[in-house]
Structure formats: structure tokens, C-alpha cells
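The same subunit A turns up in both complexes below, where it pairs with subunit B and then with subunit C.
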Partner chain A sequence: MRVVVENLSRSFGSSKVLRDLDLTLEPGITGILGPNGAGKTTLLRILSTALAPSKGSIKVGGWDLSSPHGRTEARRRLGYLPQEVGYYPRFTVFQLVDYIAILKELDDRGERHRRVRTAIDAVGLSAVAGKRIKTLSGGMRRRVGIAQAIVADPELLLLDEPTGGLDPEQRMRFRQLITSLSADRTVVLSTHLVEDIAAVCTSVVVLWQGQALFHGQPAQLRERADGMVWLADAVPDSALLSWRTEEGAVRVIGPRPSAAAVAIEPTLEDAYLLVTNCAPTDAQLR
Partner chain B sequence: MSALSTELPALRQTQPPSRGRVLTTLTRVESAKLGTSAVLWLGAVGGALVSLGAAGSVWPLLTGSAGLTYRQANIGIGNLPVGGLRIDFLSFLLMPSGWLVLAGFAMLAGTWLGRRDRRCGAEELLVVTPTGRAGIRAARLGALVLASSIAVAFVFGVVLVVQATSGARGSIDWLILLDGCLGTTLASWIGYGVGSSLPAAFSLFVPILYVGGSFYLSVWQATSVLSSSIEWLLPTPPAPSWSAGLGFLPNIFPEHIVYLVALLLLTGGAVVGLPLRRGPEQPERHRVALGIGVLGLAVAVSIGAGLQAKPDSYAVASPSHATWAPERYSVPDYIGFDCSWVGNSPLANAPRGAAPCDVSAWFHDHVPVSCAADRSLSVCVYRDYGPVAARRLLAAMRSQAPVLAGLFGRPVTVRMVPVNASSCFAGLGKIAIDESMIAYGEQFDPGYLMSCAFPLPESEGLPVDDPSIGGVTLWLAIRSGLVTAGAAKTALVSEPDGVTCFAFANLPCDAQSGGVLSPTDGGLSWTRADIRVGLFLDRYRQSRVVAALRPLLPRLVDATLAPSDLEHALG
Partner chain C sequence: MSYHLDPTHHPLEELSQVRAGVVLAPQAMEHLAQCAACEQFVAQELPLDLDRVFAGVLAELHAPRTTSLERALCRLRLPVWLARSITAAPALQGSWLACSVVVISLAALVGGLHGSSGNAVPPLLVLAPCVVAAAVAFCYGPRVDPLFELTQVTPASRTVALLARMGAVIGVNSVVIAVASGLAGGPVAAFAWFPSMAAVSLLSAVIAARTRPVVGVGAGLVIWTSAVLAVSSSGLRVTSALWGAPAQLCYGVAALGCGVLLVHWIRHERVFLLPQAGL
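And now, the complex of A and B:
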């Protein structure tokens, strides 16, 4: 499912969170990277139809979200995991996912229950399907959220910080799950964890103060940092960013700090830091 | 987590899902959740208990019908939006009603449901589904309809069943039941609106305010500060349902149900429509919901105005005078009511010149049709009291009836009346039946038939102390088995002060008022002089005493018959 965002802006009072954003999201996994306050959650809320844009247009699979009919059709095709989601504590895991499945218009009881069980199994919660949500840990609740998001086989899956609260093993399994889901779907993953993006995303968007600083493949983002990451002996004045590694060397992002500095292979995180630190200031954006 | 791709087959909807089926499913799920709501069950059980309490104290005052049960249980006798309640015309201060309890808790359950999404932070999860906020709210209102109706039926059923075990034969009036369900649903919907739109503190505050306010307004109304005509605007019909049942007031239930439905449309439209103004919701649903609300408002105002134009509770509007069956005293087509309850207000269609109030002149309403009879007496009670009650009454009077046969005023037919005063005249007795007698099998006042046989003279409101009257009534008591002649003889010897007090089962006997016959007060006592006359009469055959008494009755009831005249008549 193709998602086309054009000239999207969103303000909260005098605060402009998204600024004339243009994006086209194709099937596959797109990671939305950005620092806190970059507008990641706002973008996903708008894509999920939970929030109306102040300006601009969005088409989800050809459905225009500005029209009521378009929103309904889009909602039929999307699954959404909000960043902060609450559940009915007295519902069991099964009841909660089933409840969302009903709202997703799965009106055949037998089929719906089968899908609910499958989704719960997919997130590894079969053993606690009959337990009330209030008895679950934070990580388990996060997985319940993922289960409800995927239960209706969405063509567009919007996941806002999906791995928050998951332990390393669950994060790894989550990545497997997302990868398996992405075959014929558009998955949009908002996170500030670059390793999640590096692990599963076919495309990445770097958001900075409501604007897309970068949109392309992770490898392309990484290429941005080619020749801009060094190991040096001391912190140079010219460095955009630098920090001391465990080995005692100084990792520098920026122009070559010294003749003795050694160029190294940039990581995605290096590239992300480079892009965001070269971003225009808020005053420049204004 | 396992690999999902092979286990979660793609969902391919070949046709658009049925919105109706989705909402029905959602309604069912929410109903099931509400069905486990402790709040709602607390209301239902509490409502049933309070209803039974009210029913036990005042119940079969009238027909024992569903309408009465309804009133006594106060199911649906709502107090929205203006409050006010008259439980019945004899005991309307019995305000702590089952319905109020139930409606209060139903409102609380509604607020709980309305607050749930915000309380749990689940709103965002729900609004991005195709069902949308409007659909979810509509389904939840539907669930409240189901849950409220079940709770009402529970209270209603408990009262009916428990009373049926006491011999009553309550029937279900579906219109009344529907009315009660709608009234309770309205409370729960308002609660839902409060819970979903107002801060948490209101969730508890509003139901308390509602119940307390209703109670206050009801008492306020009961003290006649509030115009009684306003009570027609209540969500469910108030007191005169008995009159409607008897055919003397228009049955407003059909209109009232429309009125309630209109209020529900108004509330539902507001609850569903108003929140859609916020967020990227569907404007056409917003318009439709608000349109429904406006329609509800228009219909409610229209029907409400019509209801308010109805006559006041105690004004007789129909049927016409031609269909009445007046029966006694000097005013030919006379109908009376208990003045203390109508505030001496003139009856709308009362004949010119008729006294506005006379509790003893209840017309023949043709409603007491459950009868029991023997050779000397026929007893009829309202239909839903059933023949069990009629037989109990007959049994209570059976011992006296043959003895009193032929005497002045002794009824051959006793008929139940819905006013709190018994009377008798020319062979017809009208009796207000104490509900405890039927419900709990307590003994009927044995003085009733005697008081009919001897309309006693009074002096300053008290029966005249007259040895002839006392002697005759003692003789009647002996003959009807209430007192034995041996006990009377023993009392004559053993009571030095000359006052003998016989206590009957379940009847108080007050020696301080000895020497007077006060059958309607439930106590019988005689002086030594009375006992001497009574024992003297008991020496003769019953038929001879009756024959001798008949020409003397006018003097007897005027208290001008000396004991020596009695002896002379029999001698």
C-alpha cells in the first residue's frame, strides 16, 4: 500500500510540529527516525487518522484521508500501535484483541477468533491469553498492542515505538515478526533506536523539527557519512560530534580532525547523527 | 513470537462488512461486560430489596396488578428531568423506591462505561478503527439498553414472584415494563454522557445528585409545592396509573413511551453526536446524530406539552358520567375521593353540587371480579389479588355473617375498594383491604361486619357507651365464636372494676377504653352491664333474638334502647 503525504503541516497552538512535509511510503518497512519532538508521533497519529492535519493531504492506498469515506476505507486497512496506549485492565488478552478485531469489522465470529488466537500466538502471548491485562508486565502489554495492531491483517501497519519495554530477545523476535509481515505490506516504524531501523527497515526517514531531512534506503543514509567518521587521539575543535570509545580512541563525526585520524566505516547511527547535526536550526527553518 | 507470515493468512474481504452486524456484535460484547458489572447488579438487587420492602408495606392496596406492582416497586417512575414522584395516593412518602435505587446504579454503570476509555487511555486505539467513535458509542448505548432492561425485568420479576407466593396474582403489563426499561435506560444513557464528557468527579457526583434530587423533589411535590400536573412529564407515569387501570383516567402509557423514546433520542443524539465535533470524525455522522437529537427534543417537547395538558392526577377525565355506577346516599351520581390526598381540589368532571370528597362513596368500578362466596356472603377483590385473597376474606367473615344475617346494614356482598376507608350500606360492603392481610395472612378485623350491622352513634367522635349496644355486640361476638359465653361469665365475676377486656388474635385490647365497642379500632371490650345483657340474649335462640332486635334497631343505634326494653321484647 502506497502512502503519499503532501505538504503536511500540523500545529498545536503556536507550536508547529510538522512543516510542509512531503513523503511517499512504499510497501516495505519504513523507519521514522528523529530526536524527541521531531514530529514522529504526530506524523503517525495523522497517518492513523487519530489526528487531523492542519494542512496538506494524505492518501493511503489512494484513499484521501481528508474525506470521511477515505478515512473509513483507510481505517479498514491499517493497524496502529500508539506510543502510549492504555488497555481495559479487566479484559483478558484474548478479549482485548477480540474487541479490537470487532471494531476492525471482523464480523465472522469463528474467523475472528481464529485470527485473534493467531495474532496472540505471533507475539508469544498464547500462554497468557486468558489472563487479565492488569496482571501483565509492561513488555507483555506492549506485545498485546502489537497483536491488536496486526489482528486484522492490515495493509498499512503503523507502529510507534514498538520495541519500548521489550527485552532483547523479544526485540529480536519482534524484528522477525515485522520482517515477515512486510512482504506485501507497508510498515511504518517510529523509533529513536537506530539499531531497530538498521535491522529491519528497507527505507528510512529522518525527521527533524517537522521536516524530513532524509528519505531513502538505510544504505544511502549510511553513505551520507562516508568520509565523515574518524578515529582520532583527541577531540578536535572542528568535530560536529565526538565521543570517546571503549578502546580509548575518540570517534569523530565531521571533517577530518587531523592528519593522524583514521577514516572508519560509518554506521547508520553515525549517519543519523551527522544528518541531524547538520540540520538547519529552528530559526533558519522559520 | 513465531513467524507470522505462515500463520496469519491474509484477510481478504470479498465484500464490505456489514456495519449492522459489527455493531450488533459489539453491543453483545459490551452487554456481556455490563452483565458482570457489580455496580449494575448492586442496583438490581438493591432495587429489588427496596421494592419488596415498599411492596410489603403498602402493596395490595389496589389491584395487585402489574401496574400496582410497578408503582410500588417504582420501576420506571422516573424523576428525570424534573423529579417528583407520588408512589401512591395513600403512601406516597414511601419514596426510597426500588426504581430510584436501580436507576441510580444504572446511571453509575453508565458513567463507568462512559469513562472507561479515558480512564484506561484506550481512546486512540479505538478511534482509528473503521467502526469509529460514533459506532462505538452507539453500540455501547445499545448495550446499556439491554443491561438496563434486564435489570428492570429482574426487579420487576422478583417483586412479582415474591408477591405471587403470598397469594397475589400479578400480571405483566408489557407497556409498563417497557416504560420502566426506557426510564432506566435513560438514566444509564445520561450517566454514559456524563462519564464520557465530564471530569471523573462527576461520575459519582451526578448519580448521587440525581437520586438525592429526585427524592427531594418528590417530597417537595408531595408537599404540594410543585404542581402536580408536572408529574406527567416524568419519564414514567406517576400515581394515577391505578385510575388508568380502572378506566377513569386516560392511559398515558403509549404517549409516555413515545415521550421517553424522544428523550432517549435526544440523549443518544447528544451523546453520540457532540463528541464528533472534535477530531477527524465523519461530519455526516455528526450531523445525523445531532439531527436525531434535535428530532428527539422536538418530539419530547411536543409530547411533553400534551402530557402536561392532561388532567391532574386525581381529576377524573373519563369515562363519561353515563358509564358511572353511583350507588348511595343523597347525591345520585356521586363519586368520592379521600380529601386528604387531593387537597380538596374539585374533581374535573364531578357533577355540579356533588361533594368533592367522600371516602365512603366509591362507585362500582367493576374491577373486583375475583370472588368467593357461601350461602350468606359473597366477597370480591380486585382481579389480580386472585381468589386466594377472596377466600381468605370470606373465611375471616364467615363466622359472623350468618349471625348478622338480616340485621341492618349487614352486607351480603363485600367488595374491595381502592380507598382507605371501609363502609357498608344496604347489603353492600366496601372494604379497604389491608395489604398485610393478603400478603401475610393476618386476620381480618372482626369488627367490620358488626360495624356494618350496627352503625353506631358517636359522641364527640367516640362510640357511645351504651349497655344495650354493648350487650348486643357481645352477643354477636359470642354467636360468631369470637368470644365464648364461659369467658364472658368468668370476666363478669373476676373483673371488680366492671370493665372486661377480651383480646382477640392479632387485635389489641385496651382496658382504658373499656365499655365501648370499637370494632374498627380492632379492640372489643365490654362493661359488666354489657356482659349481663349479652349473656341474657345468649339464652335465647338466634332467630328469636334477631326477630326481636329488628324493630328495635333504630332505637338501638340511637342509643335510646334500655336493657329492660330488650328483656321485655324477648320476654
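And now, the complex of A and C:
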């Protein structure tokens, strides 16, 4: 399913959170990477139809989200994990996923329960399916949220910080799950973790103060930092960013800090830091 | 009874099926332990993950026990999603309803004891709108419903969900008020409380939809009690000024206006805005 965003803006009062965004999201996994307050949650809320844009147009698989009919059709085809999933204290894991499955129009009880069990199994929570959600750990609740997002087999899967609070093993399981799901659907996930992007994403959007600073493949993002990452002996004045590594050398992002500095292979994180540190300031954007 | 795993009958699927799992899985397990042929068949032919099968059985055993209210609503031909949405409303939970019953009963009792002496304000008539306004403002919205954000992105109609919850809350509370006032033999004609209750509740709901439930309830209560105090201190006859035919007509118009406004807003998705994530 293709998602086309054109000229999208969203403001809260006088603060502009998304600024004239143009994005085309294709089937595969797109990671939205950005610092706190960049507008990731706002963008995902708008794509999920939970929030209306202030301006601009969004088409989800050809359905225009500005019309009530378009929104309903898009809602039939999407799964959404909010940044925070609430729960009713008396609900068990099964009940919550089942409730969302009912709202997603899975009316046949037998088939619905089969799908609910499959989704709970996919996130490794079968053993606690009958437990009340309030008794589960934060990471387990996150997995309940992922289960409800995938229960209706959505063509568009929107996940806001899906790996937040997951232990390393669960993060790995989640990545396997998402990769297996992404074959024929569009997955959009927001994260602060560059490792998430490197591990699973086929495309990455770097969001900065409501603007897409970069949209392309992770390898293309990494290439942006080619010839811009160095190991030096001392902290230079000219660097955009520099920090001392565990080995004692200084890692520098920016132009060559000194003749003795050695160029090194950039990581995705280096490229992300480079792109966001070269971004226009808030004052320039205004 | 003899039980053999028959490859032509897709036993795995059968075993993992909900009902078949509950009924057959223990028999199948027992049989597997005793029958070498089946055991060999399972080992060679089937990727039978018994943990998974039992997890399926357990999950079904833990599947939601629908409440009797939900079943009753489904029997009234309400769709399952709506029945569950209604029964999940905070203002329809046992503890909330119990509080409403206590307040309304006390008001009816006090009113009954005092009778229709002089120009006294009937407590039930004053309190009924307040109790229902609070319940209506707390029946729907992002600050009330922990699953609100999730439910908003489903194809289920927001307008229907809101109206159904409000209708259920007003209906249930109306029954409580009617019974309480009937038992206490109140001074004012039956159901005179209804229009004022509807007007104050819907006014609170409209304000709550734009702001927060507490603001909605607070505003509704302030407006209503101010009106009651103003009339009772003005020397007018309270019951006829506040619950006479002209007043009832005004309440009716106000309730209708607020209802129409609320439906218009929710259809255009202009209200019940999500608060900032993480706050």
C-alpha cells in the first residue's frame, strides 16, 4: 500500500509541529528517525487518522483522508501502535486484542479468536494471554500493543516507538516479526534507535523540527557522512561534533580536523548526527 | 473411545481449533502417549508444537467472558463492537453507578422527608442534572477512555459510539432517578426532572468535548446551580419558575441545540482532540 503525503502541516496553537512535508511511503519498512519533539508521533497520528492535519493532503492506498469515507476505508486497512497504549484495568491481554479485533470488523467469533491467538503468539505472549494487562511489565504491555496492531492483518502498519521498553531478545524477535510482515505491506515505525533503522528498515526519513531532512535508503544516509568522520588525538575547534571514544581517541564529525586525523568508515549514527547538526535552526525555519 | 490422528483430516488444524482443542486435545495427548503408530506419525509428518496447541486451548479458556449487560445488548441486536464499547464506558461501571444511586437516593429521601413545604428547592430536581452531567462528561473521550486513541483509528463510527454511550448513561440514570423519586413520593410531577437533566448534561458534554471532562462538568454545574440560586433568591415560586412549562421548553431547545452541535463536531472530527503523547 502506497502512502502519499503532500504539503502536510500541523500546528498546535502558534507552534508549527509539521512543516510542509512531502513524503511517498512505499511497501517495505520506513523508519522515522528524529530527536524528541521532532514531530514523529504527530506524523504517525495523522497517518493513522487519529489526528487531523492543519493543511495538506494524505492518500493511503488511494483513499483520501480528507473525506469521511476515505478515512473509514483507510481505517479498515491500517494497524496502529500509539506511543502509549492504555488499557482497562479489568481487561486481559486476550480481551484487549479481541476488543480491537471487534472494532476492526472481525465479526465472526471463531475466526476472530483464531486471529487474536495468532497475534498474541506472534509477540510471544501466549503464556500470559489470560492475565490482566495491569499485572504485566512495561515491555510486555508494549508487545500487547503490537499484537493489537497486527491482529486484523493490516496493509499499512504504523508503529510509534515499537521497541521502546523491549529487552534485547524481544527487540530481536520484534525485528524478525516486522521483517516477516513487511513482505507485502507498508510498515512505518518511529524510533530514536539508529540500530532499529539499520536492522530492519528499507527506507529512512530523518525528521527534524517537522521537516524531512532526508528520505532514502539507510545506505544512502550513511553515504552522506563519507569523508566526514575522523579519528583525531585532540578535540578540534572546527568539528560539528566530537567525543572521546572508549579507546581514548577523539571521534570527529565534520571537516578534516587536522593533518594527522585519520578518515574512518561512517556509521548510520554518524550520518544521522551529521544531517541533524547541519539542519537549519528554528529561527532560520521561521 | 478410540482416537487416531488421521492425516487426511488435518489433525493439526483440528487440534489447534478452539473448540476441537478443548474437547479433543486431552484425548489426543492421552492417545499419543499410548499409540506408537500415531506417535511416529506425529514425529515424522507433523511439526506439531504441543506448547502452541495448549497455548491455544489456554487462550480460549481465557477468552473474554462477556458481561451479562453486553449479552443483553447483543440480544437487542446491537453490534458486538457497540455492546462492548457501551459496557466499557467508565460512567457505566458498577462503582460509578453505585455512587450515582447513593446520591440520587439520598436526594430523593431528603426531598420526601421535607415534602413540598413552602418555596423549598426539591433536592432531587437540583441534584439529578448534576449527577447525570458528570456521568455524561465522563463517558467518552481521550481523557476518559484509556483505549481512546486505538478506537479512533478503527472503522467503528465515532458518532454512533458517542451517542450510544451517552444514551446508555442517560437511560440508566433516568431509570435510577425515576425509581428513586417514585419511591420517595416526591412533590413534583414525574419526569419533570428530565428536560433540565438533559439540557445540563448535554451542555456539560459539549464543553467537555472541547476542553476536558472536569471543565465540562464544572461549567454545567456552575451554570445550573447559579440558575437555581438566582431563582430561589428572587422570590419567584421555584418549582414553577424552574420546572414549569416555559422553563421545560427552554431546556428542551437547549438540549437539542447542544446535541446537534456535538454530533456536528464529532462528524467533522473537530472535538475530543488527543492530548500530547507522554504527558
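Quick note on the criterion: the second predicted complex is superposed on the first by the 286 of 286 C-alpha atoms of A that agree within 3 Å, B and C clash if a C-alpha of one lies under 4 Å from a C-alpha of the other, contacts with A are read in each partner's own complex, and residues count from 1 in each chain.
Just so we're on the same page, a contact is a pair of C-beta atoms (placed from the backbone, for glycine too) under 8 Å apart; a residue touches a chain by one contact, two chains touch by 3 or more.
These figures come from a predicted structure and were not determined experimentally.
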Joint occupancy of subunit A by subunit B and subunit C, clash or fit: clash
Between subunit B (first) and subunit C (second), which does A:Ala122 come into contact with in this model arrangement: first, second, both, or neither? first
Check whether A:Gly130 is in contact with subunit B, with subunit C, with both or with neither, and answer first, second, both or neither. second
Once the structures are superposed on A, label A:Pro82 by its partner contacts, choosing first (subunit B), second (subunit C), both or neither. both
Between subunit B (first) and subunit C (second), which does A:Gln176 come into contact with in this model arrangement: first, second, both, or neither? first
Determine, under the contact definition given at the top, whether A:Ala212 touches first (subunit B), second (subunit C), both, or neither. neither
On the A-aligned overlay, A:Leu103 touches which partner chain: subunit B = first, subunit C = second, or both, or neither? both
Does the superposition put A:Ile150 against subunit B (first), subunit C (second), both, or neither? first
With the two complexes superposed on chain A, say which partner A:Cys201 touches: subunit B (first), subunit C (second), both, or neither. neither
From the options 80-88, 314-322 or 512-520, pick the one stretch of subunit B whose C-alpha atoms clash with subunit C. 80-88
Which subunit A residues contact subunit B in one complex and subunit C in the other? 45, 48-52, 68, 72, 75-76, 78, 80, 82, 84-88, 98-100, 102-105, 107, 121, 148
Quick check on the complex: what are the subunit A residues that touch subunit C? 12, 41, 45, 48-52, 68, 72, 75-76, 78, 80, 82-88, 92, 94-96, 98-100, 102-105, 107, 110, 113-114, 116-117, 120-121, 126-127, 129-130, 148, 160
How about subunit B: which of its residues touch subunit A in the complex? 1-5, 7-11, 13, 17-19, 21-22, 25-26, 29, 116, 120-122, 124-132, 135-136, 279-285
Which bits of subunit C are touching subunit A when the two form their complex? 17-19, 52, 55-56, 58-64, 79-81, 84-85, 88, 145-156, 267, 269-270, 273-274, 276-278
Across the complex, what residues on subunit A touch subunit B? 45, 48-52, 65, 68, 71-73, 75-76, 78, 80, 82, 84-89, 98-100, 102-107, 109, 115, 118-119, 121-124, 143, 148, 150, 152-153, 170, 173-174, 176-177, 180-181, 183-184
